[in-house]
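Chain IDs A, B, C, D, E and F follow the sequence of writing; residue 1 opens each chain.
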Amino acid sequence: MSDFTPVSGFDLPRYAGIPTFMRLPLVPLDDPRLNAVQIGLIGVPWDGGTTNRPGTRHGPRALRDASTMMRAQNGSTRLRPFEMVNCADLGDVPPNPASLENSMARITEFYGQVVKAGIRPLTAGGDHLSSLPILRAVAGEPLGFIQFDSHTDLFDSYFDGQRYTHGTPFRRAVEEELLDPKKMVQIGIRGTMYDTEDRDFAKAVGIRIIEIGEFFARGVPDVMAEAREILGTGPSYVSYDIDFIDPAFAPGTGTPEVGGPNTCQALEVVRALSGVNIIGADMVEVSPPFDLGGLTALAGVSVMFELLCVMAEAVRSGA
Amino acid sequence: MSDFTPVSGFDLPRYAGIPTFMRLPLVPLDDPRLNAVQIGLIGVPWDGGTTNRPGTRHGPRALRDASTMMRAQNGSTRLRPFEMVNCADLGDVPPNPASLENSMARITEFYGQVVKAGIRPLTAGGDHLSSLPILRAVAGEPLGFIQFDSHTDLFDSYFDGQRYTHGTPFRRAVEEELLDPKKMVQIGIRGTMYDTEDRDFAKAVGIRIIEIGEFFARGVPDVMAEAREILGTGPSYVSYDIDFIDPAFAPGTGTPEVGGPNTCQALEVVRALSGVNIIGADMVEVSPPFDLGGLTALAGVSVMFELLCVMAEAVRSGA
Amino acid sequence: MSDFTPVSGFDLPRYAGIPTFMRLPLVPLDDPRLNAVQIGLIGVPWDGGTTNRPGTRHGPRALRDASTMMRAQNGSTRLRPFEMVNCADLGDVPPNPASLENSMARITEFYGQVVKAGIRPLTAGGDHLSSLPILRAVAGEPLGFIQFDSHTDLFDSYFDGQRYTHGTPFRRAVEEELLDPKKMVQIGIRGTMYDTEDRDFAKAVGIRIIEIGEFFARGVPDVMAEAREILGTGPSYVSYDIDFIDPAFAPGTGTPEVGGPNTCQALEVVRALSGVNIIGADMVEVSPPFDLGGLTALAGVSVMFELLCVMAEAVRSGA
Amino acid sequence: MSDFTPVSGFDLPRYAGIPTFMRLPLVPLDDPRLNAVQIGLIGVPWDGGTTNRPGTRHGPRALRDASTMMRAQNGSTRLRPFEMVNCADLGDVPPNPASLENSMARITEFYGQVVKAGIRPLTAGGDHLSSLPILRAVAGEPLGFIQFDSHTDLFDSYFDGQRYTHGTPFRRAVEEELLDPKKMVQIGIRGTMYDTEDRDFAKAVGIRIIEIGEFFARGVPDVMAEAREILGTGPSYVSYDIDFIDPAFAPGTGTPEVGGPNTCQALEVVRALSGVNIIGADMVEVSPPFDLGGLTALAGVSVMFELLCVMAEAVRSGA
Amino acid sequence: MSDFTPVSGFDLPRYAGIPTFMRLPLVPLDDPRLNAVQIGLIGVPWDGGTTNRPGTRHGPRALRDASTMMRAQNGSTRLRPFEMVNCADLGDVPPNPASLENSMARITEFYGQVVKAGIRPLTAGGDHLSSLPILRAVAGEPLGFIQFDSHTDLFDSYFDGQRYTHGTPFRRAVEEELLDPKKMVQIGIRGTMYDTEDRDFAKAVGIRIIEIGEFFARGVPDVMAEAREILGTGPSYVSYDIDFIDPAFAPGTGTPEVGGPNTCQALEVVRALSGVNIIGADMVEVSPPFDLGGLTALAGVSVMFELLCVMAEAVRSGA
Amino acid sequence: MSDFTPVSGFDLPRYAGIPTFMRLPLVPLDDPRLNAVQIGLIGVPWDGGTTNRPGTRHGPRALRDASTMMRAQNGSTRLRPFEMVNCADLGDVPPNPASLENSMARITEFYGQVVKAGIRPLTAGGDHLSSLPILRAVAGEPLGFIQFDSHTDLFDSYFDGQRYTHGTPFRRAVEEELLDPKKMVQIGIRGTMYDTEDRDFAKAVGIRIIEIGEFFARGVPDVMAEAREILGTGPSYVSYDIDFIDPAFAPGTGTPEVGGPNTCQALEVVRALSGVNIIGADMVEVSPPFDLGGLTALAGVSVMFELLCVMAEAVRSGA
């Protein structure tokens, strides 16, 4: 058994043991095993960009706890990711809860080390602003980008000029040329709107938005075929906001919007990313204080397991 | 900006400020602005007709709280209701929790003033018996009527002769000629049955019942086309019992029945009322003490926002 | 009115009275009325075989409580089961929470008396290991068997040789020739996998597994037609693990797996068993300490009511 | 073992079996064993007099459930009440949730039969108005009366003339000469006040009110010595509102007031009633929908067990 | 009845109506009635300084909701504050959840207007850092200061130099000469400690710390006599952190410490401030997402009502 | 900084990082650092002996999570335990949830290694039966023993002969001469009783029981002086059942008994063990599925921190 094999529930009950992501070994950045890691699971316990209900700072711990329910093999694709690539829990980025700027710098610094070690990061947030400092570290060039979300997060500013919130990260990422808007697709957008500022921006720069009505009408396979087309063959990043999923299935989030996909669809869209060259991914906006019975954390780690599988495929394909 | 513009979440976070419906101005019945109001949002904090689990007396406050999550524009139809018509929160009817009869009289009296001011009411209940005293005030003639519900509420009496409960309001409304049974349709009926007394009555007077099996088999567009046909062009009232929605999506209600529609369908059926001359509507049976994490209140106000949009269209069409 | 008529909610509100199953009379094994009973509802308050989150020992009490929401008639099929056959609550098997072996013996002994009295048992568990000692009492010959579940429960052993857990009952039941593997079908299997040991065993002995992907792709009628075919006309047993249902609809269970059926489908699959000669059935793995607002108990008893209806048909058909 | 022996937790785990009060036999009013019963535990699932948060209609079921945690012997006094007198669960009064007047009549009628059978009732409410129709049945003469409560419930009327609510029962009981105001004592009164109307009435008729400040300053033994003095040797009734107890210990009630006694004191005051000729008692205002983890129900039944012990003493002393 | 009379629960049930603080009229800063207000209740929905569990941004709304349980008269002192002085709800300070600095500036600006209008503020926070920008507006001279808390909040910095967090406000306030350390007293301090940095600072500048052990040993009257001595006759500010109260009584806070006072003591300490010239007060660190059944909000508003009473006395005494 | 220094909340927020006990390093039994450890914190995630409500198998994880709230210094005694002795988290004993016997053997085996390495164990259970297999490993001679509990756990057997349950461990431990009954004291016993079997046994062998009434009457210092006298100077073991604490302060346990100590007293009793030669201690019966908002876990780790402090003193005193 390799150094990167998760503990099995046949040997140790799932509720026992210290909860690392997927029961993988904990490999901090200064651990000599770091260079052998291919996919690193990282927590970003931070909600400094949250304009509405807070609590995603508690996301990583709740997701680690729930992740002990994950087993070794994908029940749908039959992939065994932990045997395909070396995976490890790299721990949490140390945030500064009282400084948005300082926290963003800390995140970029941490991910800089991860990228330097040749590791593809799979992140457990944290609010959606977390994606921006991560992208600053991982985007060597403007990336392809797919976002599952009920909101576009493409606004310019809030509260009389606040440019960094969880409603603005991808506006900034486009402006900073971290993402290539022509290779961007956002899926699941829904709910009441302030106005059309975000949609106007998307249209102007070429971001493809697939709203929930179109998503349901066309179905997962058709929508995801288009999405893969948009992403192309270059390096891509996947950002998965838990509020993409209907709040009955994932209530623990700050800005829930009813009328969303169920968890079956929530997993299918990730499986459909098979073949995409994913160099990083995140699961954000899980807010445990608003969760009910751990439903959201379970949904979140179930999605993370699927993300891990498609990332493992990308690593193995030498992409 | 008019007197009837809601506070925006861009200016004041949604969790801040006193929670009126949709963050609209509060306009009590003695406020000079009353006559400018076209659609009035009203709370009926009363559960005196409840035969099962109580708590809908707390519905209006929970719905107001959740309604601060609503924004200015419909994400599906792109309507901006608050710019189309003057909307306001008219406050709560003062109930008498220890007297069913007195409470009903108070409700009819309050809505009489609302109707007299030329305002179309959008109500947040309250249990389903609330609809009866409201109808007594708004029904100048026998109205068309559409009900989303898992129960018919067409029984004659309970407990050895109790004729006014939340299981009997529309039997009474037909008897009192507030509703025209030939223009009545009930959608979503399901769950175990006592017997067929209610269905027999419906058949006898001509009420159309579309049970959940038929609803799922035919789909929303087809069912709602028939419903619009039944309602016709005359004045109609919409009564929306939250238990129409599956309890996984709306657990906070007194008599939940599994196997119901999801919130996507729950919103679609309301959008399909576009073109109907809605002179009043209600959202009833939200019971916060049985709610989970505010899911039900959020579903309830999301439906209310859709109701507001179709009511605004009706006002604007001069119907 | 017979001795076996449930109390009606028209006469006594549902929240009143001592909660027996479906508000039926309580008929302990030493009650002279026992021989008149045709279907007996029995609780097995035991979770000794649970390898993960516990609590199903509290299942029977929560299911009895929720069952007071059930009425007299099936809203879909219009059957009135309590008028078709004599039903009664036979009470709980007395378990020994500190001894797995002793508890299993007690269960088999109790059901031996039930079977001897000519009663078909409808059980409220309890964890899934409960089914094994029940089958030892009811299986006069190798039975047909249909299982609704997200797990196969076909593993050989856990924790270094533990052969009796809730992950192994049907491996044992096949080995003990209580079930005929050629007449076995498992529906809804999903979630991450340890490995393929269980699937390999199923294939080797001829058990048909219909995974969730196939279930959704083919739909309930087609899948259930195949299932009926497999079960054939001989005596069959139905085992319904509540984790078959998606955790948004039934969160109160020990090993939830996202991406499952909704409650509409959860009821439909049971109705599709009409015509099968069901000699016993169980609803297992409801864990009230992990439930949310009684959602799971309500889903569980709604399924039990459907099971009761198809069992009543089987009794009446003289099967 | 007599017919009136509770099931022991040594034989059947506490979570197993149908939950009757204290695991006693269920003896409905038409049961031939009725005449052998000396103390009857009765549920009044009704909250029709509630002016604030509802839910006490669910009190009896929650109290029965929690009562399965009670064992056979008092840990403080060492009394074994079930061996001293014949106790039984007499079931619930059938209420009419939609009619205050009809419910009150039903309660008085039920208790009339209980009294006629020579049984002393120990009631699980229900809101505090329940005590009035009970007193109408049990008070053959003006009774001594002790009330543990944070409110006096001595107001004249609410909501423009409503004379029967849970804030008025003892004003009515004095007016109807069911209680002798000179033999009345109320303990634990606290919280913000509307005005002094209730205190003025108490003073005028001679009711002794011991507010919480005095209660804490003097201590349980001294206060209770005075209380016993007031009650005297004649027949007395004990009314225990769960909101007497601090809401940290008993959160599940409609009108909680902080700053109250803990559960140690809550039990002690009852033990100090030893020697009083208690002919009836009630535990009211337990509202399960507002309870937290069953804390309130557990506190409520712990008090009921103490009440049962002092009532058993009264029966045995031939009082 | 004046313009500043709260709505009575005798007229409108407590659960009805829009929830302003204590059911007082809402008087925004631009309302002409502002100048008649003597005590203004203000919400600060902000938790930007929180280093641990968040959620106090939701405090004001939860406190307003619970405050509808408060009546007109103090049950202990018999004061009727709303008849003594003009009280009003001045609404919420609009925060910027994504900028600590901007939020602090907004708070100081808002309170500047309040002070200018001659109003004494009674604040519902928000985290404890909120007190600092409030003090900047209200402290015309170094104030006397009494703090009820389990933490001193006197640290210099966190996270490598972060000087503004909810653990540092009173260090800053002393440095900025908003408070006179010789007139400062902190009561209830407890829990595990990082080190003695805060205590060393307190000793150095003359702040009196009364730890929980001393508090319990001496009792409320003795401790509070010393506290009044320290505060003297000059203008004083009261800062009440809800975590002063034991978490069994007030669980909804970010950094709970077991072993604290109960709510009886929690109210008594405030009553003992009678005679102090209180020019402002706050109730902070109520975090509704971590609350249980509204217990903390109820405790918080009960304390606020007591604060209001002693502030009303101060206003009336012309202090 | 040593290898055994916990992470500070000044550097990393408490909600960040993988939760080990007290944020100490994780040192599994095969770690070379093991021999430097002096006090080992160990989880026993097992509830196989539970006769009532289950869930203590989840205790260790919840206690680890809550333990990240503990800081470096005792606020009362000013001790800094992590600087006094080398402490580490040794991980969890791997249980077999489906075999009581096998689990007991596994526990004894694990603690055998711990004792052999010269480490004093501080355990987080698990149900109270866990103490028995631990004592088998740590008791080289009959030990002194102090138990904080509401139950004696001295019964002989349950359910027709079941000798190993969480109600019997100390009966067995006396029989097996692991404990010296003359040096045993049990404090806090309360609640209703089955009978006097356990008390009779205690009296017969010389175990001192201090019931709750005596505990409150005499106070902590007096009671604990007697307790220290009983324990004497030899090696002693401390077993702390969380149900010693009143359920308002610690609701998350299987068999709560109202009327117990508050958390202030709960900590004081441990501090009073200063000077006792404690060679091992446990905190048992924390059941997270029944906890409310983590109150019980927080109380539990607060007690564990105090236990750690007195154990550190014992180590340092060379006892």
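Throughout what follows, a residue touches a chain if its C-beta (ideal position, glycine included) is under 8 Å from a C-beta of that chain, and two chains touch if they have at least 3 such contacts.
All values reported here derive from a predicted model rather than from experimental measurement.
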item: Chains touching both subunit A and subunit C; value: B, F
item: Longest centre-to-centre distance from subunit C, chain (CA-based); value: E
item: Between subunit D and subunit E, centroid-to-centroid distance (C-alpha), Å; value: 38
item: Overlap residues in subunit E, where contacts from two or more other chains coincide; value: 11, 13, 15, 51, 53, 57-58, 94, 97, 158-160, 246, 248, 262, 290, 292
item: Overall pattern in which the protein chains touch one another (line/ring/star/complete/other); value: other
item: Chains that touch, pairwise; value: A-B, A-C, A-E, A-F, B-C, B-D, B-E, C-D, C-F, D-E, D-F, E-F
item: Residues on subunit F engaged by subunit E in the complex (per definition of touch); value: 8-11, 13-15, 69-76, 78, 246, 248-249, 262-264, 266-267, 292-293, 295, 298-299, 302, 305
item: In the complex, subunit F residues that touch subunit C; value: 47-51, 53-55, 57-58, 96-100, 102, 158-160, 162, 164-165, 289-290
item: Contact footprint of subunit D on subunit C as seen in their complex; value: 11-13, 15-20, 26, 43, 45, 57-58, 60-61, 64-65, 89, 91-92, 94-95, 97
item: Of all residues in subunit A, those that touch subunit B in their complex; value: 51-53, 158-160, 189-196, 211-213, 216, 246-248, 251-252, 255-256, 258-260, 262, 290-292
